[in-house]
Amino acid sequence: MADDAPLLEARDIVVAFGSFRAVDGASLAIRKGEIIGLIGPNGAGKSTFFNCLAGERQPASGSIMLRGRDVTRASPEDHALLGLARSWQVPAVFDDMSVHENVMVGAFLRHPHAAEAAAAADQVIDFTGLRPVARARSGSLGTPARKRLEIARALATEPEILLLDEALAGLTPTEVRAAIDLVRQIHARGITLVIVEHVMEVILSLAHRAVVFNQGKVIAQGAPRDVVQDPGVIEAYLGRSLSRKPPA
Amino acid sequence: MSAATIPTAPRAAGRWVLGVAALAALLAWPLLVEDEFIQRIGALVMLSALSASAWNLVGGYAGQISIGHVLFFGCGAYASLLGFTWFEWAPILGAPFGIATSLLLALIVGSPTLRLKGHYFSMATIALAELARIVVVNTPALGGAVGVSGPAMPRSVLDLSFISPLPYYYIFGSVLAVLLLFTWWMSRGRMGFYLRAIRGQERAARSLGVPAQRYKLFALLVSAAFTSLTGSLYAAMLGFVDPDSGLGILLSVKMVIAAALGGAGTLFGPLVGSAILVPLEEMTNAAFGGGGTGITYVVYGAIIVLISRFAPGGLAEIWTWLRARGTRRGG
Amino acid sequence: MILAQVVLNGFLVGAVYALFSSGLTLIWGMMNVVNFAHGDFVMIAMYVAFVAFTMLHLGPAIFVPLAAIMLFLLGVLVYYALVRHVMRGPMLAQILGTFGLALVLRYATLWVFSANFVSLPENLLGEVQTFAGLRLEPSRVAAGLAALGLTIGLHLLLTHTALGSRLLAVAEDRSAAMLVGIRPDPMQALAWGLGAACTGVAGALIALFFYITPTVGESLALIAFVVVCLGGFGSVPGALVAGLAIGIIESLSAFWIGPAFKDLVVFILFLAVLWFRPQGLLGKA
Amino acid sequence: MSIARRHLLALPALLSASPLLAQGAPVKVGTLLPLTGVAASAGGSAKAAIELAVELINTPQPDLASMPLMATSGFPGLGGRPLQVVIADQQGSPSVAQNQALRLITQERVVAITNGYQSGLVQTASAIAERHGIPYVTGEAVATNLTERGFRWFFRTTPIGPDIAAIYVEFLQSARVNGRPVTKVAIVNENTEYGTSIAEVIRRTAEARGIGIALQIPYAANSADVSAQVLQLKDAQPDVAIFISYTSDAILYARTMRAQGYRPPILIGDNSGFSDDNFVQTAGDIAQGIINRSAFDPSRPGSNSFKVNALYKARTGREMDDTTARIMQGFLVTCDAINRAGATEPAAIQKALRETNLDAGQLMIGYRGVKFDEKGQNSMASVLLVQLRGREYISVWPEATATAPLQLPYKGWE
């Protein structure tokens, strides 16, 4: 794989629910080391598109290449094996297992033996700051810890690219800042990130490139600050919210 | 294992002592009790624990609630006794054929049914088991509705036809020990984690690289093999199987409730559940059955209701709770 | 002519299947709680009808609503005394609890009434009628109409009333419903009450033409489970369609292939439907 | 109130009455019956009959003096020791039947076990008795293979398949429909062991004697609906329809035939379901003239059958049906053997059972006698045909022993 080839590339993705085209010919190329922010109004198709990238949903047409391989019809587990990990909008932790065990499930992907997986999980737990609750049953955790656990579990699969689906939604401002720090540290480890987010602050402070969805299509992409000033984007989506000056 | 999961030395030692004591008790008690009826109940506990533990791999660990496991049980039971009927084999010699048939069936029906979610999966397994029962009832070559019998008179020790229940207890117990050792080994490794992850959130598990379909199928295969072996052992002991006793839906339900009562997805849950349910059923029947008033099942049912009411997670839940209390007090 | 009668009988049997599944649609299909005691709820309703008729000399116009009320109370009682607690645990706990409950109900009835078969006079709703050469039993027609009525009523309740949307909200997500101010327990209890009341109507009507014995629910229950699953969980009209379809298929296959094979045909078709539609006939994907 | 209740009330009286008359430690006999599950209704009837038998044996019954043990109290051959029965519920499961047989032998120390009901369960339970060397006597299980196993401790008093088929076929050969012989016979049988085996033996016997079975419809027991079978018959128009069913289906058939307006010229309902008093009480009024086989004809005043039935009716409020009577007869034969053995050692009882030689007058049922062949089968068992009139079965064939003449065609609900 050439260095300049995209890590993950989606071309002309179409997903239809009956006659309604939720994603209507969207394309996106993600290069190694980028942080991409996917934004758009509710029902714009960004979550559906995201699920196509993650291998959760198969598009009706179009193709997706991950690290030079066609993964359009590949299963989620094959995506994971190729180095793609994701979090879920509604945290999907394994309630009956402890935090450490949750993370071990991810770690088993690259470490088939229990002892190695446990050690790898320990490292991720320390990295994500979950050490104090490592032994707790994950079903007993609050939302912030669950979201963090999701990220930890995904990291334990040692991905090249991490897809975060509203990983910061529903957090308090303090928690959001802590989460942004975590994302930066993840990026610092050389992991490419794709973030679906409603909180503009996150996109503006994290993303290298913002990709705007509307009516199933990519209507704009570029540096977040440029994109938010794009008249088409303002009209389609941002509207009033942009009158508020984004924080520096 | 990780530093976080290594038990502290005194607790580990305590656990060893407890384990050895429990094992010794399990081995010794039937010898101390002279009553054959009680010994036989012990053997039946082992048999029930075997099928419930086999079910536990799929239903407990992987969380796929099969209510059609009697399909595999029936394969084993019928293979044993058909082997005798057709070729005059000792019933237990049919066991490998029962296991082979079960594995084949599990392979064929496993892939399509394991795609189904939740109740749909449970109902599909019921439908499959009922299909098998109806087919057997209407196939005279398989004994039809009348059923098939083992040797009326024991011919050799291989017929496993003993007057005393003790040999059955130890045979069933040894097979159970093998199954539990496998389950223990599995639960600590990748497979155990993956199955529990599938039970928790299958979609999330798959996104972490868990090939859910393959692992569920593998769990089903192992489970089917052991369930089938249980059926063969049952048939060898009883010397008779008919569509109701070998393929009836009640048997599937009993595997589920034995596991659920003790704690599904735990190593000893099915054994504990069986150790309560089987004696309870036999004792209530011995005490009240002759009265003909149905009070047997009123008592039996009421106790099951009470357990589910106060320990919905099975008795393992109470154990966890007690241990948590003990830890808190100790620490 | 015979074939028309076969189809008609199948249709009426199908209506009975739909009728005794209606309560299960609500409890299992909507509220997602397995009820292994469903068949025994039907049985209890049959005994309510029997006692009301033979001891209190009440006619169907009274004992059908009476059975509905009694079963409503039973449903609410079962919810508060058992199901509410069992729902804390995994789905298996529901199997465990309701299986135990089934045994208690079945054998408490046996204790009181003995295992003897009893029945109501078969002409309580009038004699068999002949229309265009087709023979119709009034009691079965009544059961068919009741199935239709209950299905439409339940469907309207769930889709067109505030109460219905609250019920659905609780079924969908208990904690989310609490956030918007719905107390889940009374709603769930109500669902159990309504489901059991439907079962009560079903049992009392079925008692008009079926024999009554404590184990009668056992043989009926499995079909009810297949009907609800085939129709698709959460689909009230689905259960009606599935019930009628199973009735007609059973009747035709019993006539053509042989009654010993009718369940074989039903289960094969059931599995085939699941193969192509894993969410049942009218269930949501 | 319920009959079950009445049993409960009668029980203490029975227990307190017997020791006054009989002396010594009671002799225990075990009985396996289905008291829960789908056959519970039959088991309940049989239980009442067994309890009646105990009372009759333990108290002098001058009225029944022609039967063994009736004139005296307890077992005269054992110094007047009273009889005690231990009834166990086999729950319709072959495994439970074995458990309970073992319990009766090892815990209750019974000297013999009787009955068992379903053939499959009799098979597993008697295997336990055989291993422990305890006599096992069944009064009702008809599966032929039970006495083909080479067991030395197993005995059966009831007539079996071939005896049953023989009387049906002899009857069909002599019967006339609209003045011509029977040519078209249909069999509708439930497809568990009972229905399958009886249907099979009837078919074989009939075909061997030149009567073809035009139509055989096996069906699954406990169906919710049986109308397809009735319509098939209505379509085929056989001269004779033979139903082999359990009680629940028997009731449904009677009702469905009425609803579909179908009446064959001759309707035969074989034993089990159609003999059950539950059937007679709930569906008898619309099945008038149905022909059944029976060994028990209580319709002749003064006969033992008549008197036993009267006692049973006083106790339960119901007529004794054939299955119940055969169960009770099996039990009485066992007790007679124990008495003649003069000891409670199993081997002595086994020997006495082998030497059993009762004639018709010593029985409460219509067998020619009780005498076991080398396989343990009663070689004197026999059957007769009865017909439903009102709510009573009256013996109608063979004519030599009939109480009333046969009435044809089948009336049903008219």
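Order as written gives the chain letters A, B, C and D; numbering starts at 1 within each chain.
FYI, contacts are C-beta pairs under 8 Å (C-beta built on N, C-alpha and C of every residue); 3 or more make two chains touch, one makes a residue touch a chain.
Protein names from UniProt, one per chain: B, C = Branched-chain amino acid ABC transporter permease; D = ABC transporter substrate-binding protein.
Bear in mind the structure is a predicted one, so any value in this text is a computation, not a measurement.
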| item | value |
| --- | --- |
| Chains in simultaneous contact with chain B and chain C | D |
| Farthest-lying chain, centroid of Cα atoms versus that of chain B | A |
| Centre-to-centre distance between chain C and chain A (centres being mean Cα positions), rounded to whole Å | 46 |
| Inter-centroid spacing, chain D versus chain B (mean Cα positions, whole Å) | 38 |
| Residue numbers of chain C (touch at least two other chains) | 107, 110-111, 115, 214, 260, 263 |
| Residues within chain B bordering two or more other chains | 134, 137-138, 293-294, 296-297 |
| In contact (per the touch rule at the top): chain pairs | A-B, B-C, B-D, C-D |
| Residue ranges of chain D in contact with chain C within the complex | 2-4, 35-38, 40-41, 43-44, 191, 217-220, 222-229, 231-232, 234-235, 247-248, 251-252, 255, 258-261, 276, 278-279, 282-283, 286 |
| Contact footprint of chain B on chain D as seen in their complex | 4, 7-8, 33, 35-36, 40, 43-44, 47, 86-89, 91-96, 98-100, 102-103, 106-107, 119-120, 123-124, 127, 131-132, 143, 145, 149-151, 191-193, 195-197, 218, 220 |
| Chain D-facing residues of chain B, complex | 35-37, 40-41, 44, 134, 137-138, 144-147, 149, 152-153, 161, 163, 165, 234, 238-245, 282, 285-286, 289-294, 296-297 |
| Sites on chain C touched by chain D in the complex | 2, 5-6, 9-10, 13, 16-17, 107, 110-119, 122, 128, 135, 137, 209-211, 213-216, 218-220, 223, 247, 250-251, 254-255, 258-260, 262-263 |
| Parts of chain A lying in touch with chain B, wherever the complex brings them together | 54-56, 75-77, 79-81, 85-86, 88, 92-97, 100-101, 104-106, 108-109, 112-115, 117-119, 121-122, 134-135, 153-154, 156-157 |
